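Each of the two complexes below includes chain A, the first together with chain B, the second together with chain C.
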Partner chain A sequence: MSENQHSTDVTSADQNTFADPGIPEHQHRRGDVDAAASKRAERQVVVLFAISVIGTIASLVAYFAFRPDGTTSGTRLSTLTLGLGMAFALLGIGLAAVHWAKAIMNDTEVSEERHQLSSPDDVREAAVASLKAGVDDSGIARRGMLKGAALSALALFPLTIAVPLVSSVGGDWNVSKLRHTRWEKGMRLATDPTGRPIKASDVTIGSVFHVIPDVSEKERSSGEWLSEKAKAVVLLIRLDPRDLHEADDRKGWSYDGIVAYSKICTHVGCPVALYEQQTHHLLCPCHQSTFDVADGAKVVFGPAHRPLPQLPITVDDDGYLVAQSDFHEPVGPSYWERLK
Partner chain B sequence: MSTTTTERAAAGTADYLDQRTGLGKAVKEFARKTFPDHWSFLLGEIALYSLIVLILSGFFLTMFFVPSMTLVTHDGPPATMDGVLMSEAFSSTLRTSFEVRGGLLMRQIHHWAALLFMASIVTHMMRVFFTGAFRKPRELNWLVGTTLLILGLAAGFTGYSLPDDVLSGNGLRITDGVIKSIPIIGSYLSYFVFGGEFPGEDIIPRLFTLHIFVVPGLILALVGVHLFMLVLHKHTQYPGGGRKDTNVVGFPLFPVYTAKAGGFFFIVFGVIALMGATMAINNVWNYGPFDPSPVSAGAQPDWYMLFLEGSLRLMPGQGTEWVIGGYTLSLNILVPAVIVPGILFTFLFVYPFVEAAVTKDKREHHVLDRPRNVPVRTALGVAFLTAFIILALAGSNDLIATHFSLSINAITWAFRILIFVGPWFAFWVTKRICLGLQRKDRELVLHGHETGRIVRFANGEYIEVHRPLDDQERWLRVNYDAHRPLEVEPATDSRGVRRKGYKQDRRMARLSRFFYEDRVEPVTPAELEAAHSHGAHDEIGAAAGREEIGSGSTH
Partner chain C sequence: MKALAARRHHRFAPVVLLLLALLVTGGVYALLAPSPASADSASTQDIETGKKLFQANCATCHGPNAEGSDTVPSLVGVGAAAVDFQVSTGRMPMAANGPQAIEKPAQFDAEQTSQLAAYVASLGTGPAIPTADQVDPAKGDAASGAAIFRTNCAMCHNAVGAGGALSEGKFAPALTDVDPRNIYQAMLTGPQSMPVFNDANVSPDEKRDIIAYLAEQHDGSAGGLTLGALGPVSEGLWAWVVGLGLLIGAAVWIGAKSS
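The block that comes next holds the complex of A and B.
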């Protein structure tokens, strides 16, 4: 198996290529020639295994000594001590085994022949013959009907699983829900997360409110609420009316410089949360799309394409801000039939 | 005496098993199987061992994690979360962290192991790519490996989302936005994934099933195939004396390799335990439970997802959302989130086949290439990595901006340009470096090492004495193939009839020229002879070598 040939002639017979000098000469380690070094290596391996045992014991001691008390620092201490014990227990074993292999076990390289991966020709022929015999036996080549029937049955049966699955996996499949949010005419704007309705007089110039529809406490702790909230969240900002450029068809959508825009980024839907007072820019932290609140929340930078949808607002008789209607377009990221 | 009793007991057990399983044949076959040794072969092992750590720590976590989105009022530590309304998933993650002994340790071990798993897969792939280990007969194993990379991404993504915190919830929301952008079926696909509107109440249980059953199952099955093929093919080996395509040189599986590999498992596990013990990761109680409204700047996904994040960030939105016949086509999302990763993964999947085609190479390869000896492959690999790294950096552009107090818009623009220029530049530089290293190898072979010893001749001339390379050193530098570009056969055959497939051949030849036009041939014995006969200082030999180098590109 192993052969350490050392040829001295540099070139092979044809003189066009060099000759392979063979496996390099084996270098002996200290431990191979010096009994004391070998003994020392053995002792080192024993010590490493002993460190592992100590690590395990330390971990058990830590288990009893540091009980997590519910505070972050207590939990950290318990994590640290348990983990260090564990790490030593593992590293001791690992280093011992590797040191053993490297310092004590035989390190002479051996060479093994590789065998051709492909099967010999006669084996291939026999394989083809067996398959052919099988195909002939089944008669599949001659009986077209049979083949068709078998394939149809196999192709169809997954439907028995797929149809019930697909019918329910998408909930009610009513994708038109993407067009509507919880906002409706007269619904008050409330603060997120406390749910306190907002008076127009509370909104000073330059201030920003994170807003949800004013729904009952009960609705807000229901399972469906997060899905509704995921569409309905709004940012409320008051600008100096002189800074505000409004499109003609949206003149009546703001109230005294107060504008309300969907907080859901038109890129891929992150909450747009960072407002810069001086520039009136809203920045989406996810991919930095930047919207100009003073100018219809149009995109001024980044990967979003469309302005944030605007929620038309006004005030009710008690001076609370209310929605005039739902949004006039679907909020959030674009999808194929958005405009249909 | 006692040894003979244990020996007898072992022999008895072996006999019992062999009579029932024929185990003897397998042991004879595998016990002394030869494994070559090199540090870079450990990268794949790290991936395997961190997978085992993931399974062990993941099992621990499943004992306490509750995959449910039902809202509950959390009762217990930490104080900031006591009494807060949250999903059971988030609440159980808090309980695992604060009330289960060793629970936080296991969470941190699991998360660090996941990061290490992906990092070792990527570096293992780099080793395989740059050394040409994907060549025949290992192309299929390269495909299995690339699929494992994708499954690893899936495992990491589904796991990261499970605690249902604000950060991972926003990751899911981005996913929802990307899904919705898919033409025609986007909104239906979003309902398919979330069981209705985002976020719904199904996604965490669904991700849980994927994360602990489907994805790990597929990974384990493919790891099985991967290792089976490894044994079938036997390991590749680095070039050197006595290493041939017809043999494998190394250490026997039992005991040396078993001890080293087994020991290495414990070392990897130990290092991950050390990380889990000392380095906090994903402190979800600081983020809070998922809520579609709050978000924090500077939030980062795990590193292996950054390239997608960066890709989304770089795409300009202006003019890239088209409305065609009333239907919306969001190229600003499709291009970065579907096309860009599509290109990256297609490159990985097809590369071995393209290289084999332009090389017209049908031989088996078991001796690895030194990366410099295949300059265009190496350069393509570096260009690919450069693109990946630029995208990942772009995924942190906000952190870069705040850290270096730069404008985020300027940085984004810089990256938009870099993503086109960077890979091209990296290709060019790497190819030059490879060719340079090959030329240096030639010099060395022809003229030997400089010794720094100056000798004066009788005629007054000074020369530096060069020590010739020994057999092993020389063999390493001359034993490679410098492939030549494919020649195209004429467009018409001998009777003047247009040949079918000529166009295809010509395209292939052009691609082949791209790969092998510039090349440095290995030194031949005749050249070495000539260099020696020209005396000890050899300027002439070097010039001859140079001429040889240029000759490749002249036809």
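The block that comes next holds the complex of A and C.
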């Protein structure tokens, strides 16, 4: 204990520190010295319990009196009155219990001194000796075969948890799925969610169409569709061709001022669809990345790194808009294997 | 002041201050909150009167023949629907240049608005003002409207039409108190930042479905208080300030010694 001396014996060593004031004198509560106050506290607890009872009754009355009638306001009235009744029922019990404990139960103050955290030296030595005896008895140092078998069993067991976990979390590990979408050469562009194919002549200047691939009704109701749609959604916009600046290698990707861009943000994949018709800016609602549709959907603000991938489009013989091919790059946010 | 200073250490002083602050915030909001404008549709068409009105009130910016300029759009071919939308909601004539023309009390009555609309419609064909039947919420299918609204409108106007912010001071207005006729016209004409949703994109029936869905939102939420329906901002504010405040208050009360 000698090395702890300066921490336990500060006052004698340093005259500047103040003396331990000790435990303050016990203050009696009003209820302890005044019988009327004690009675009052008791009544307060009873009132709190009574509030709880009233809350319970109100909740039951509300359940029978305000049945949800199918309208919004009816449902709201029902849930609101039920909830308020329950809230007061529980609040009353809670407040009453705490008030009871604080004001009526005894208030004897108890102090406990802190004790040494480590065990006494002789107990520690005994524990170490006992462990050593166990190791010697098992003979793990001498019996190599036993040691190997035990370690193998212990090391292999976690596989029973790790293998199913990793395999189900990962789903499948086919990352090439991220490179391709449902779009293919000649596939018509259709409106989301109604699935009507879109004629180029219907897309007036300033129009925005939310687009999905024109697949069969059957495919659209299949379980796979949501994953496919999540990759394939496109925003179709017609600008005045004079406002449109196109890169040389993409001159043939638009049709008469109509451009189609992936709706999946290249930052973390939110649907980018807040289009400002006058500035031609396209905003992502999640992190305010802003893309300039008039200039190849380049990033003009925000955390996105790459322009939105463009879907090359043209028209078929009936005047409907069709895709020339799939996107030329993976849509959406970066991933390890994207290499760009 | 002395009496006040003596009480500033009172144990209820923080509570009184908090209530005062909430009251002032609420009061200031109530004073500054925009008041809704209303307008009725009219039928009389007097192109000549409309032209005179136009030349007196609109030609300064849009030009004597509504041809526009580099910075001001031409009104040839915008149609009666665009004029009725802009004028009946008070957006036009603009009071001042700003990020966008904002809604204010209409400057013209219904008859003058229809005369202006008739004049502009005579300059070139454009979308007409929808009939009462086309915008009747009772005839639309709110469920179909919800699906179309979610895809086409919700990203700017919020899932229940509570509005939202755009860039550089522009915003998508709340649709809660907008006349169904104006909702229809906005989709048809694409005013300001809003893109056009023509009849090939969102068919007239689907437009009425959207109006029905928005009308349904007037009842509020079945779940209780919507807190402005602004999502994590207002909900987080309540949870952190009011919810956590109550929890801290309860913890302090439980821990305090009874007097």
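Simple rule for what comes next: the second predicted complex is superposed on the first by the 302 of 340 C-alpha atoms of A that agree within 3 Å, B and C clash if a C-alpha of one lies under 4 Å from a C-alpha of the other, contacts with A are read in each partner's own complex, and residues count from 1 in each chain.
One rule holds for everything that comes next: a contact is a pair of C-beta atoms (placed from the backbone, for glycine too) under 8 Å apart; a residue touches a chain by one contact, two chains touch by 3 or more.
Please read all numbers here as calculations on a predicted model, not as lab measurements.
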First (chain B), second (chain C), both or neither touched by A:134: neither
Partner chain in contact with A:230 - chain B first, chain C second, else both or neither: first
Touched partner set for A:193, first chain B, second chain C, both or neither: both
Partner chain in contact with A:271 - chain B first, chain C second, else both or neither: both
Partner chain(s) touched by A:285 [first = chain B, second = chain C, both, neither]: both
Which of chain B and chain C A:102 touches, first, second, both or neither: both
Chain A residues touched by each partner, larger count belonging to chain B or chain C: B
Touched partner set for A:73, first chain B, second chain C, both or neither: second
Chain B versus chain C as contact partner of A:338, first or second or both or neither: first
Partner chain(s) touched by A:299 [first = chain B, second = chain C, both, neither]: first
Common ground on chain A, meaning residues reached by chain C in one complex and by chain B in the other: 71-72, 75-76, 79-80, 83, 98, 102, 107, 192-193, 210, 271, 273-274, 285, 288, 301
In the complex, chain C residues that touch chain A: 147-148, 151-152, 155-156, 164, 166-167, 170, 172, 190, 192-198, 200-201, 206, 216, 219-224, 253-254, 257-259
Partner chain C, residues of chain A touching it in the complex: 27, 29-31, 71-73, 75-76, 79-80, 83, 98, 102-103, 107, 191-194, 198-199, 202-210, 237, 271, 273-279, 281, 283, 285, 288, 290, 301
Touch list for chain A against partner chain B, complex: 5-7, 10-11, 15-18, 20-24, 63, 68, 70-72, 75-76, 78-84, 86-102, 105-107, 109-114, 117, 166, 169-173, 175, 177-178, 192-193, 210, 212, 221-223, 226-227, 229-231, 233, 263-264, 267-271, 273-274, 285-289, 299, 301-306, 332-340
